[in-house]
Each structure stands twice: as C-alpha cells, then as structure tokens.
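Chain naming follows the written order as A, B and C, and within any one chain the residues start at number 1.
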Amino acid sequence: MSSTPVRRMARSPFVLVVGVVLTWFIAAFLVWPNINVLMATFFPDGSFSGRAAEKLFSSQRAMKALGNSFLLAVALSITVNVVGIFIVLVTYYFRIRGSRILFLGYASTFIYGGIVLAAGYKFIYGDKGIVTSLLVLVFPGMDPAWFSGFFAVLVVMTFATTTNHMLFVANALKGIDYQTVEAAKNLGASTWTILRRVVLPMLKPTLFAVTILSFLTGLGALSAPQVLGGRDFQTITPMILTFTNSPTSRDLAALLAVILGLATVLMLAVMTRLEKGGTYFSVSKVSSELQKQDITNPVANIAVHAAAYLLFAVYTLPVVLIVLYSFADGAAIQTGQLSLSSLTLDNYVRVLTQQSGLRPFLVSVVYSALAALIAVGGLLFVARLLQKYRNWVASLFEYLLHIPWILPSALLALGLIISYDRPNPIVGGAVLTGTTVILLIAFVTVKIPFTLRMLKASFASVNASLEEAAAIMGARTLYVFRRILLPLVLPAAAAITALNFNSLLDDYDTAIFLAHPLVQPLGLVIKANTDGAEGVDGVANTFVYTVLLMVITGITMYLVYGRAGRRGSRKRRAAVPPVAAAAAPPPAGASISGEDSKLPAAPVR
Amino acid sequence: MRKLQTLVAAAVAVTLLAGCGGGTSVPAASGEASSAPATSGDTLVVYTNSNGEGRGEWVTAKAAEAGFKIEIVGAGGADATNKLIAEKNNPIADVAFGLNNMYFSQIKAEDALEPYEPSWAGEVEEDLGDGETYWPLVKQAILLGYNSDKISEDKAPQDWTDLWTKDEFKARYERVTGLGTATAQLVFAGILSRYRDDSGDLGISDEGWKQVEQYFQNGSPAVAKTDLFARIASGEVDMGQMPSSIIAEREKSFNVNVETVIPSVGVPLAVEQIALVKGTEKKEQAQKFIDWFGSAETQGEFAKQFNSMPVNKEAGTQANPEVVDFFADLKQQDIDWDFVQENMGAWVEKIELEYMT
Amino acid sequence: MIRLDNIEVTFGDFTAIPQLDLHVRPGEFFTLLGPSGCGKTTALRTLAGFIQPAKGTVWVDGQDVTRLPSDRRKVGMVFQNYALFPSMSVWENIAFGLRVRKEKPAESDRLVRDIARRVELSDEQLPKNVAELSGGQQQRVAVARALVLKPKILLLDEPLSNLDAKLRHQLRQQLKDLQSEFGITTVYVTHDQDEALAMSDRVAVFNKGVVEQVGTPQDIYDHSATEFVCNFIGDSSALTPEFVAEVNRVSGAGLSTGANSYLRVEKASVDAPAHGGVAVGLSGRVLSRTYHGLHSRYVVRSHGADIRLLVKEDGGSHPEPGTETTVYLQPDHILQYHQDTGAALRQQDPAAALP
C-alpha cells in the first residue's frame, strides 16, 4: 500500500462524494463545535488566559491525581496483560478441563462494568465483604479495610478490562500457524519455551494494541478509584467531570482533558514506533489450526487448573452477587447484610412499573441502534478510503476523526449546544438544540474513532487481489465495494455495531445535555433512579438496571459472536479476526478517552 | 445481500436526515418519528432537580388532574443549571423548579429567565426569592446530623467547626469527595460566609481556608454509591451533612436515629424556587402552571406527601407539624447570597484543587 | 534405519491408517506419495512423533521410539509451509533448537554459521527477518534449522507444495542436493509424482491409508503393482477388451481380455518402431493433435480405445486429425490389472522391462 498522490485520489467520483460529505461532517460536528467550546474556555475575553495551567500546576491535589492516573495506567498495562494472557491461554491454548465454562466466567466483563462492577467487588472484598469476613475469622488481626487504595483499584480494574484480551488476543492466538508450534516441539522446546519464545512473540503486535487500550483505560479511570481508591488514591477523571460542570472552571477541565489527550497521542506514537516491523505476516499461505496443548508437568498442570478456577471465581462472584442484590432491598444492599428472606421481586416491579416504564429502554435502544448503524455504515466508506489511499489529505482526515477521543463527552455535548442553538448556515440554517437529532449526532460522533480504527483494520485484512480481480473484470468501485468488500467486512462491521450499541445504551454524559426532554434515554432515568441522594431505593435500582442492561448486552453479544461462533468453520473465521479485533469499550469508566484501540490488524494469520 | 443493501441504504438515509432533517426548530425529527411523541405541542417541559423519590411522578399526576400536561426532566442541580444556560438561545424548558436561589441567580445572570409575578407572590416572603424572576417554594435546611443512638445531645458537636477541632469527632464525620451537589455547596457557603474578608483570597480570610483544610483532613471521605445513613447504620461514621427533607425517611429505611445540630450562627437555608424560562413558546400555559404549583393548595399537598417545608404561609398549615415546628425553631444563618453566588464557582475550584485530598 | 511395524492410526472413529509396515534404509531418500487424504502425512507425523499410533511400533536407528516425544527421536522436520518463527531472525530461527538445548552462545553461533554456509545462506542473511527472504531462502532456513541439531532422519512434509512451478523445480534440485551432501536419511511426503520420481531413491505409494507399492521410481513406473499406482503414476490410456483382443490376434500374445488394461503414452507410437522388438500395428483414426513444441500429443481411436501418444516434432510430416493411421506398440508393455482386486495380472520381470 504505497502512497497515492492526492490529485489521483481526487479523480475518483466515489472519493469525491465521500470526501465532500466527510468534510462537511467533520467541519460541522467535530471541528466547529469543539473550537467553539475551547475558545470559550481558553479565550474567555478574546485573549488567551493562562489561568488554567497556573491553577492546575500549583494544585497539589491535581498533580497527585494526575500522577495517580498515570501510575494506574502504567501498572494496569502490566497487570492486565498478565491476567489477560493467562485467561486467554487457559481458554484457548492449554487443554484445561471445563474451558468452556471458564470462558463464560472470563467473558462476564463483556456485559457489565463501571460503578456496578466496582461495587460488586466491594461487596466481596470490602470491609464488610464476604471474603473479608471469612478472612477475618481466619486471621483475626487483619485489617478489614485491606481492600482499598491503589492495590484494590488496580485489582478491580485489571479484572474489569481483560475484555480486550478475550477479544483481540484470543483471535490472534487462533490465527497462529500451528506448524510453528510443532516445529518448535520438534526442535526440543518445552511447553513453556514454546509459549514464551514462539507463541507470545507472534502475539506481540496484538499485545501492543491491547496494552495501549489498558493504558488508556487506566488513564481515564473513574468508578474504581471513586469506590475503592479511598483517600490516598484518587484519579483525575472525577475532577475533570466536576470542572466540566462548573462554568467558571471549565477551562481546567478542558486543559486536563487535553493533557490526557496528548498522553494518549504520545502513547500511540510510541507504540506505533515499537510496533514497526513487528507485524508478523506468517510466511506461509496455508496454516494449520491451533490444537490445544497439554501441560505435561503434573504439578504445573494442577497449578494452572487451580489458578484458572480461582480466576473464574474472581470473575464470576461479583456478577452473581449483583444479580442476587438486585432482588434485595436498598438498606440490605447498603449495609451489606443479605438474607434469603429479603430477596423479592419488588425492585424489578418498581423499576418496570414506574411511570416512565419501558419507554427509556426503547428510546435508548432506538438511539443506540441508529447511532451504531450510522457510525458503522458511514464509516465503512471512509475507512475503506483511508485504508486504500495514503497521503497527507487522508492522514489529515484520519486525525480529525479522532477528535472525539481527546475531549470528554460532556465537553463535546456542550460544544454542540453552543454552536447550534441558533440558526447556523453550516447545517442549512437549522437550530439543532432541542431537537431529537442532536443527541443522535453526538452519539455518532463519540463512536467515530473506535469504529474507524476497527473498520480500517478489517479492510486491511481483506486480500487485495480479490478487489483487483473484480476490477479487472470491469467492476466499478462502488460495485466492488458492495459485492466484494462489504460481504467480507460485514461480520466485523456487525461486531463493531454491536459493541457501539452496547456502550451507548446507558450513556449519561452526553444525554444529560442533549436529550430531548420528551425522548429521554435510559442513562438519564438510571441516573435519576440510582443517585444515592435520591433515596434508598436508588442503589437497589442501580442493580436492577445493571441486570437489565446485562441482559440486553448479553443478547447483543450472543447475536453477534455466539452465532458467528456456531457458523465458525475455519474459513468463516478467517474473515472475522479483525472483527473480533473490535474492542469493547473498556468498561471501568473511560469517559475521557480509552474507548478506542489501536488496530490489531489480524497480524498473525 | 439484499438485506444488507437495505440496511446500508437506511443508514445512509438516516445520516442525511441527521444532517439536514432539522431544518426547523420543531423538536422532533423525522429520523426519530417512532419514538418522538406526537403531542409535544401542548406539553410543558419542566426541568427540576427535585424529581426523586417519586416527586416527579407525583407532580406529573397532580398536574394532569389540574389540566396541565407536563413532562418532567430530572437532572442534578448543577446539570440542570448548565443545561438551562446552554440552551438559552433556544430553550427547551418552559418552567424550572427545585433549584435553589444560588443556582437560579446564576441562570438569571445569564439572562435565561423571564420575569413573572405568580398569583401567590403575596403569600410568600419576597426576600426568599429575587422578587422578580424566581419565586420560593420550599425551605430546605442544610444540617449536620449525628447518630443519636450513639452520641447523646450533650456530647454532640455544637457546630461544624467542632468536627475538626475536637479530637473525638475526627474521622467520625463524613466529608464530601466532590462539590457538585447543592447540599455540599451550601455547607461551604455556610462555613466560608463566616470568614468573609475582602482582602483575603476569593473574599475569604486565611482562617476561613484553614477551616476548609481541616474539614477535609479530618473527615472520613464519602463513599460512592453508599449513603451516609448506611454508613451511620454500620458504624463507619457517626455524622455528616444532610438536607432536612430526607431525614425522616432515611431514618426509617436504615433504622437509625439522627439528631441535628443547630449552630449558634444558625443553619444555611436553601430555598427551592420556581421560575419561567425566557423564550418559552407556551408562556401563558407555563405561567398558569407556576400559579398552580406554587399555590397554597398544591404546596400543602406536596408538603404533606414529602415532608417538605413550604414557604407559602397557608400551605404551612397542611405540612407535617413536626416539620413546621422544626423550622419554626430553626435559626437561619445570615448569608449574603449575592456574595456566595459570585464566588461559589471559584471557591469550588479552589477547594477541589487545594484542599480535597 | 527406520521401521514402521504394524502401525495403526485412528482419529476418534476414523481409521486413517489401518495397517502399515515400512522400512527405510540408511541414507535413503524415501518418498511417501499419494493423493491428499491418503494417509501419507499421517504416516510422517506418526514417525515425527506428533501422532501416537493406536497400534504398532516405530523404530529409529534400532531404537523403539513409539512413546518418545518428537524432540527425542532425533528427527528433524521441514514443514509444509516451513513453519519459520515469524518473530525471529534467520539466525534465531536456526539457533532455536540449540538454545533450547542450552548450547553455549559461541558454539551455537559457530554451528549456525557452519550450517548456514552449507545450505548456502550468506552471513548477510542471518540477521534478516525470515519474512524478508525469498521462498528458496526460506526453505534453506527451514532445512538448516532442522539439520543444525544433527538429526538422524530428516522429514519433509510437502515442502514444495505452495510454490510456483519454476521455483518448485529449482528447489526440488536444491533439496536433493542438500540431501546428498549431508547423506542424511530422508523421508519426503508429496502428492506430486514428478517430484517423487525425480528425487527419490524409493517411493511408497499410498492410497486410502494403505501402501499400494514400495519400490524404486522406475519400478513403480514400469511395473506398477496395482491399478491405482498405474493410474496415479505417469500418463496412460485405458484399453478396451476389443483392442486387447486385436493385439492378441495380431501378435499371438496371450493377454487377458477380462482385465483392466493400460498403455503408457510413451509406449505407443504412430511411426513404425526403428529398433527391434515385437511391435504390432493396429489401425486407427486420428482424433486430435496438440502441438507442444518439442512434441505433439495425439489421440488415436483404435478398436474402441482412445490411445494417447506423443510424436516428436522433428520437422517431418505427421498424420492430421481425421486421417487413418497405425498405432504401434509392444504387447508386453500393456499393463493389466484384475478387474476386482486391482492387482497386477502378470508379475513382470523387472530386467525384461529395461528399454
């Protein structure tokens, strides 16, 4: 894929049409609103104010929180890899008894996250948690509040964010040519050596990609530090959110967001450099399917089994408890005292029969589905072109499309409001504030960077000669796109759509500013029903909504992955890897960035 | 394949609609026809932060009985304020209520409120609102409450400052971890107002900021998603801030008994207000709603239902007598709200940056 | 050197190899030939130790290795797609086995460079990533990686199957040269009869998990022991009973007319035989002629059989399609197989078949 001169690119009518639409969209919804909001914050009176930087850098707390965020990001990059690789290996690489059940446990992070996940862990390991109570019985001297601070945050976030490993690394592993494993065996390498020297190095590009994701997740950590960080380990994101909501401090929020954004960009750049020359396209055209490996050493085998099931318990317990607690009354949840008799259906009755009833669910499903479809549908063309043409115009577009990644969604929403609360020629003189469209635009916008990267990766994995073959037979660009490329990337597109859909379902940050009052999505209703300040039922409602959301996201994931898996002949799967390369949004609060991934472009095939 | 084509076509169509569909300011776009209600024309949109614990549903139902079709949009005080300000050029809300004077004066300063004198203006103390755009509904005292099963009245703190100056209370009170809520801001308004010093930083003397520092250093940080009453019930802490209206109900839910402290300077009193949003297209209807909602009758019922303290003198007769007595005895802290409103943003920022550890 | 005794391999309910006995002599280039799914790769992998046979014994150099893991059988293997480690350089690939054996770095380097030189990989290529190499170079790396551990046996699993024709020819020679240079006992798996005939000392032809014939390339070509081997190796025309009867009538040979009979293309001719031998001529009509440069391919219908044959293009005149002609052949070149069992009817004397 060499670089294409801009002039030649501009000759294709297909490119021109997509280019014009794209330019308009970027200008109208990515650049203009955000310039507006940044100008308003950094140039309040028309002249630049260095106030924000001065304030921030002289604040011990802000600097410490920023430091903590970075510390968490670095630590998480390591721990998530350790746990993530382990669970991927025990589910896909080693012959472990019951690996299917293990998979279900490890995959639980696909369907829930955020504050509820953190709370779930607290129920178990917190000072009144089940495990803590047991431990205190055994070691009477121990501190019941052992599970807090940096350690606790790191543990919870580690287990919460292995989703990416289960998606990307697992797929890269499945794509490894099994003959290399046999070759290594034949050369006398032990199970451990093969893993360390042959298999893991082949996964390196994918591991790099998920490391970036873990880093970003750590940087944007929100819920886990809030719930478990305690006094000593608070991170920067809560502060950003607070400042975003205060008109006089919004410049601080923007500055902090920009700092995190720069760190993100820097991280990406470093990783891209490290990765250079590291994408291993296997030399062979045919590869043989991975076979599960026995762990021959009986001691190691028992140890690995034990660790695998221990992790299974760690992953599964919070989910079980959340489901259980969703039937308990608010006071029981809050004080951590659960008895079988206190389990009733009252919470569900209350949530589902309230005046708003199922309507917010419908609204959210429609909004999320539309946004997910538009983002994927529109970006299909864009991703294709960006993957095909490499020149400065394409790079510029690509960078611009990443803007939503850098700014917190609340700031994006504000930008849209202040830019379109009066007739604006850029959108045909319409006023967007107060319409149902504006939230849809915001939803589409926030999903652009993630969708773009994933789609590009899946286009990159399509064999170029297929397209050439069609072109030789006289097929037009659009026809080739429609009949040849689209079917190939469709599984990927479907997966990305599903992931986008899931992550938008309970959005609050954007909706609070943009939702039409009469068409309120679930996030707002959840917030209203779950705020601690709004009653004891609040927390119980949180659990009910979480369980309901788990059901919806679970169904979505099943529809996309479960069915694809069943169809999954080897051939079929070959088209899917980059799909599965689609990362689920890191569940534990990635409100700043962290919702995207560097493309793990099916590096090993 | 055919299905796919339809899908893509639909997606494209919707993209175009998203771009060009909002040609008018009618708050419904074709792309959302399925979920947009058809009758948005005569529905009043009401923003409030006071919709929790069934209040929203109750108001909606009662309003319907009185012939008003309303849609409640609930959001926290700060969120609702931001939203009203952000939307000032093309307002969606017709009426806002529940926000306290501090928030409303912010909104007023942004010129997003329409002056209106409700029919019941004479039944309330004018100085509780601004006498022009926002009008008082409910009094809310921001209190320091303690676990009375554990601490007797004579051993209890006498004022907020006792919490960090007396060793026995250190680490036994819950302190906030964020200043986003109205309650938290009012607590600080109450504390900082005592240390007003125009030569000090942000109008507060060094001594005042010292208090804030001590408050944060010695308190037990609040825990996300864990109610203060739950922590009191479990013995983690014994006291903390609370708005008066929630006490009775939480005591019952968590089975604890709480008494409140009345400092000698008095307690900060938040007054929840109602106002007409500037630029509403349903002005007349909205005014009628305000007249109805603030009336002695409606406020009386509301008070009875939710243990609130109405400012409407007549409505007070219907309120829970305990509540009325409580407020009758209550000494209100004298706070210069203009001063507070002017500085609150900067205070919050300073506290977030420098004192919240 | 290698003996497979009474091997049975099953995968679940499926029996891949019902019963297999093979003997490979020291230094021999031994090929397992057959169509895909015939069990040849299974046999190789059994030998390599990747598959445990359900029954039977694998002997290598007089030692029972049936239960030994792959790396303790002293067998080196070159995989179908070479299975080079994409994350390592050429040097690292070759040194992999040495490192696993904890060879000293200096000694490893010496051995790697030594073997690299012998497979004609230059020093400049050693630090390269394997993906940067051409197909031929990759093959050398794969061979070097296997040979550096000084195995007693080299196993090659269709190493040429993914390459284009020209490269395949080159590498075929390269492999053969390497094998002769090292003098190592080699077992080679392929589905390509050309490769098998050109490279092997002996060939075992597989069909449905069973060895149909073991012999030298010439042996299996000229004296295909079964109908399957006859069809799989070389190019032959199927003869009709009328044709065979006519041959009998003209020559007085006592060929069976109830058997399946074949004639290899090069054994038939439209010219009268120049050299001696008992040639018979049968009349026929030219159906088609395809020009191939050095020669032309003819199809002649004679007594119900379509006889394919080659005619050397030496500038002379040749019969055109549609014209009558005569097909010459020697009756003892006709290969006959039992209609039901497929076994050769006449165990021909190998010496008599020499041209």
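The definition used in the following text is that contacts are C-beta pairs under 8 Å (C-beta built on N, C-alpha and C of every residue); 3 or more make two chains touch, one makes a residue touch a chain.
Keep in mind it's a predicted model, so treat the numbers as computed, not measured.
Inter-chain contacts peak for the pair A-B. Each chain's centre was taken as the mean of its CA atoms, and the one lying most distant from subunit A is C. Taking each chain's centre as the mean of its C-alpha atoms, subunit B lies 87 Å from subunit C. In this assembly, the C-alpha centroid of subunit A lies 34 Å from the C-alpha centroid of subunit B. Averaged Cα coordinates give subunit A a centre that lies 54 Å from the centre of subunit C. Put simply, subunit B touches subunit A in their complex at residues 1, 4-5, 7-8, 10-12, 14-15, 17-29, 31-32, 34-37, 40, 43, 45, 47, 51-53, 56-57, 60-61, 71, 73-76, 78-79, 82-83, 85-93, 106, 177-181, 183, 221, 223-227, 229-230, 233-234, 246, 249-250, 253-255, 345-346, 348-349, 352-357.
Across the complex, subunit B is touched by residues 24-25, 28, 55-56, 58-62, 115, 118-119, 128, 223, 226-227, 230-231, 234, 238-239, 242-243, 245-249, 252, 330-331, 334-336, 354-355, 362-363, 366-367, 370, 373-374, 376-378, 380, 414, 417-418, 421-422, 427-438, 440-441, 444, 482-483, 486-487, 490, 512-513, 516-520, 524, 528, 531-539, 542 of subunit A.
Put simply, subunit C touches subunit A in their complex at residues 48-50, 69-72, 75-77, 79-88, 96-97, 99-101, 129-131, 138, 145-146, 149, 162.
The residues of subunit A lying in touch with subunit C in their complex are 177, 179-180, 182-190, 193, 197-198, 201-202, 204, 277-278, 280-287, 604.
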